[in-house]
Amino acid sequence: MDVFEAIRANLLSPAVLFFALGIFAALVKSDLKFPEPLYVGLTIYLLVAIGFKGGVAIAESGLRQVWLPGVAAMLLGALIPVWIFPMLRYVGKFTAVDSAAIAAHYGSVSAVTFIAATDYLKSVNVPYEGYATAFLAVMESPAILVGVVLGKLATKKAGESSGASLRTAVHEAIFGRSIFLLVGALVVGALCGTAGMAKVQAFFVTPFQGVLALFLLEMGIVAGRRLGDLKKVGPFLLGFGVLAPLLNGALGVYLGQLTGLGIGGATLLGVLAASASYIAAPAAIRMSLPDANPTFYLTASLAITFPFNITVGIPLYLAFARQLFP
Amino acid sequence: MDVFEAIRANLLSPAVLFFALGIFAALVKSDLKFPEPLYVGLTIYLLVAIGFKGGVAIAESGLRQVWLPGVAAMLLGALIPVWIFPMLRYVGKFTAVDSAAIAAHYGSVSAVTFIAATDYLKSVNVPYEGYATAFLAVMESPAILVGVVLGKLATKKAGESSGASLRTAVHEAIFGRSIFLLVGALVVGALCGTAGMAKVQAFFVTPFQGVLALFLLEMGIVAGRRLGDLKKVGPFLLGFGVLAPLLNGALGVYLGQLTGLGIGGATLLGVLAASASYIAAPAAIRMSLPDANPTFYLTASLAITFPFNITVGIPLYLAFARQLFP
Amino acid sequence: MDVFEAIRANLLSPAVLFFALGIFAALVKSDLKFPEPLYVGLTIYLLVAIGFKGGVAIAESGLRQVWLPGVAAMLLGALIPVWIFPMLRYVGKFTAVDSAAIAAHYGSVSAVTFIAATDYLKSVNVPYEGYATAFLAVMESPAILVGVVLGKLATKKAGESSGASLRTAVHEAIFGRSIFLLVGALVVGALCGTAGMAKVQAFFVTPFQGVLALFLLEMGIVAGRRLGDLKKVGPFLLGFGVLAPLLNGALGVYLGQLTGLGIGGATLLGVLAASASYIAAPAAIRMSLPDANPTFYLTASLAITFPFNITVGIPLYLAFARQLFP
Amino acid sequence: MNTYPMKRVTIVCEAYAKDAVKKLLREIGAHGYTIFDVEGAGSRGERPGDIREFANIQIEVIIPPERAVVLLQRLEKEFFSRYAMIAYDSDVRVLRENKF
Amino acid sequence: MNTYPMKRVTIVCEAYAKDAVKKLLREIGAHGYTIFDVEGAGSRGERPGDIREFANIQIEVIIPPERAVVLLQRLEKEFFSRYAMIAYDSDVRVLRENKF
Amino acid sequence: MNTYPMKRVTIVCEAYAKDAVKKLLREIGAHGYTIFDVEGAGSRGERPGDIREFANIQIEVIIPPERAVVLLQRLEKEFFSRYAMIAYDSDVRVLRENKF
């Protein structure tokens, strides 16, 4: 199946179609709106479900296979900001603190993008390592911390006051809602293993894809609302929002193969590298780098990179993985 | 199975019993109350699920069978106000704008009543055309627009100012929450067909009847709260709230048979004609005919016609269909 | 399987692990928080599901087997406050109204504890009478009323004004959210029996254990937040919060055996006796005994007895039942 | 355009006091009220408003000055000792004097 | 620290009036607004806010006194007869005069 | 019945500023606060409050006039440039002077 065919298939999946429907709803100013508690509820469900499944997978496969690619994923997340920061600062001419903030978002990951990717792999019958969720878990925080440090150094230099202390950042990056749920559910899953899974499967696994589709409808509305900001952020960030994921995605896939993952796992690592956080990072950054302009990082990750990955990116990373693997 | 037997069976279904429980809760002033976000969440789920299912059904059966009864349904919805308006205006002695507002509600449809009807048909093993949801989708708006136009003309005549422009009405009638979700999910379902259904079935289909039962509990509370307004609206509207559905229901069933639907489909078209909107119409009417008194149309559709259809009406329309079909 | 083994098994169930995760979230001050509507939604789901299941079970087994243990359960609930009140008043030196308030909570029951117990019995393959839910239903109110009466008498004696009338208490104890949902769903279930169950099973039964696990995550957060109050309530209440359940639990199991229940049913009656209400009772008590200090009864039932029962209590009551039964 | 002086009495309290306060408002003859679900903290500790047991509400009532006095007095006498609650009033101006 | 006098206009109304009120605020040149979901009761009966059809909102706008007058006048003329609504204003002091 | 003059300081801001503002309130010695989830619009654009990233809150604090000044000054100095925020104060009267 060639790339375009693959993309078409992806675009016709319920999840992506509902995402498109949501964007359309925002564009035509429909009064359709998910109440915030519903959004939070769906987020909690998705994070707990994916974390729990991953934990059970780890319990089955054992840590021995997980640690090497896991460490690699962690390093990748921590290093992505290191090339993104100067690029934005010196090529894109963003302020230091804005560059640091955006870098944090692209080094960190989007759980929903990851989930959509697993959904896609299932639908094209590409098997993947169930424990890949562990990579999602370990990649969320490091980049945020790196980004905050970069931002602090910069602002220190500029002698500005530095907003909420680094401690806030660390706390938020480790105990913040999304990362906490994901890691927590992962540990719970690892502790109760398949026996526990048997009990909760009917809630956390069976209806999962449907819930994802409904959630992407809401994500479409949210992303659609931000489309208006695209003109505010300028052409550079627009290009960046598409090229950065491609580059990071390729890096991720490659690293996945190096560390012994299969096609599915490598694709997922690519997706993680390519994705930009819009839950954990914005919260941590807004609180610890309040001087960074949210319009830049939220628009880039939510209105550019997220839709790009959901629609076109994911199939591309898989295609690239197919190339890499003999 | 005779009519009374059929009604008894319907009254003992979980959905209807929970609806009754809700009314009881309101009557005894229990503090039981669904938080609004939960109500919205359940509505979204039901509309998306029913729309998606219908879309998949259309993808399977093809538009060729759908269009004729579809157009008929649309016309029926648009014409019902034309006989209801004068009846309320000249027999019921309602003001022109109130008559127009109520007419809009009875020409439009209640998705929940339709869903309860499909639930009932399943339980009595009467097959129905899956694409019938398309009729639900096309019947929601036309009557609202007709009603608003009638109301505008009337108020214009009377030289009153005319509130939010007709444009508001059109926009609300097409992009309003409920109609948008229904049509949107229908299109999504039609686009991804059975392949997509396989993915989301466990969420949108399997638990559907249970969710409906829970939702009807809330609907019972809401309807029960309005029972107090029954005395405010007067005997005429009480009678109207029961007779109008019977008449429209018969019309619908008959039209269904004419346009080649089976017993199940004809019954559903009857249910649609008989049902009165209480989500899409109130929103559109309140905004475009603000001078109409909400107590009249909300009480009629929510506290009289809705309970009547849910309990007694649906079995009656099926019984009538059974008579019609040889 | 010995007791410690049994406790270990319970501690490793998803439900209990998620509960622990929730407590941890509160301790580390994670910003993880379930929005109130989600909490309410989950509560409604759990109460309706458990009530409905119980009702269907009654429809199957018939009232003849239920009434004797049912009456016993009711009496037990009503009498527990009668020994708890003086104990708190004269040994614990609490004010009369505080003693009465706490007594009401321990005589009443915790639906979630009961549900967790059924979950545990399933996982250790101990069968139980499905209609046991009826005991849950009949035990919720009596103790509350007894407690309120005790409180009124006391405050009357002391000549203080007596807050909202006893009528409020009765109304709240009978039509209050939780009890109303439980009894209502029980009746609905009893009326539509297995036929109705077939329709809604996929929503009310299949995903039930998973929902419970998610809900216990939230309960953990809530309980965790109250841990800070432990020092406020003093050592006596701490000890009481652990010993009272053990004593009441033993009483319950014993009474269960006397009235002809099996090991499972007796265990559940023990769990009910041991559990302390934290939904129905606080509401009724706060409104009808406003002079009682909520910190005492909420902390005792929510931060001491609830966690104790969920983790260690339930296996103990089963172990005790195993002793009793030949 | 004439506007008329009224008092806005604001009551912040635990959700359990809701019915009791509503009853009081009826008794002193208020024509209406507005209720907000809020979060808060005070001498009775944090009220995160996460579950009903710790929920918190704010009630705002527009009433004529003389009634406002009665309302505050009764709140002080009958409610302050019992419930987590604060109350205060401020001056507002309305358009329809006899609506309130 | 200088503070400047402004008016806070408070509008409590059924949720369906939201867009119309927002439009009005744009027309009179308000620079912003804050909206609360509320429950309430008044001459148009209880608005439990359980479902959208009976939902209730409070809108607060900080504007210069002269604009406040215009706003209240138009509310009285165009809205009071149509919607469940009350409106009143009160005095506040802000820090950034020309932000409002 | 004696009532005592107090200031009510109202802060409307993005939800992310919540902890920082709470910290500030502790520092200036406020005895309590009340927080509302709100929707709004201002110079920083619309805050539909649909997801946490764009959530909006209103914080109301009753404090003695002298503290109110300090609070507003620090808000202006430390917060206005950083966060989507407005702040204003108004006069209220309370019953228990030393509760605030």
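Lettered A, B, C, D, E and F in written order, each chain numbered from 1.
Everything below uses one rule, namely that a contact is a pair of C-beta atoms (placed from the backbone, for glycine too) under 8 Å apart; a residue touches a chain by one contact, two chains touch by 3 or more.
None of these values were measured; they are calculated from a predicted model.
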Touching subunit D and subunit E alike are F
Farthest chain from subunit C by C-alpha centroid distance is chain E
By Cα centroid distance, the chain farthest from subunit A is D
Rounded to the nearest Å, the gap separating the Cα centres of subunit A and subunit C is 41
Subunit A and subunit F have mean C-alpha positions lying a whole-number Å distance apart equal to 34
Among all residues of subunit A, those touching at least two other chains are 33-38, 40-41, 206-207, 283
Residues of subunit D that touch two or more other chains sit at 36-37, 90-91
Contacting chain pairs, sorted by label, are A-B, A-C, A-F, B-C, B-E, C-D, D-E, D-F, E-F
Residue set of subunit E touching subunit B in the complex reads 14, 16, 19-20, 37, 48-53, 55, 78, 82-83
Within the complex, subunit B is touched by subunit C residues 35-38, 40-41, 44-45, 48, 52, 171-172, 175-177, 180-181, 184-185, 187-188, 191-192, 196, 199-204, 206-207, 283
Interface with subunit E, subunit D side, in the complex: residues 1, 3, 6, 8, 31-37, 62, 90-96, 99
The subunit E residues in contact with subunit D across the complex are 10, 12, 36-43, 56, 58, 69, 72-73, 75-76, 80, 86-91
Per the touch rule, the subunit C residues reaching subunit D in their complex are 33-34, 36, 39-40, 161, 163-164, 168, 221-222, 225, 278-279, 282-283, 286-287, 290-291, 294, 298, 302
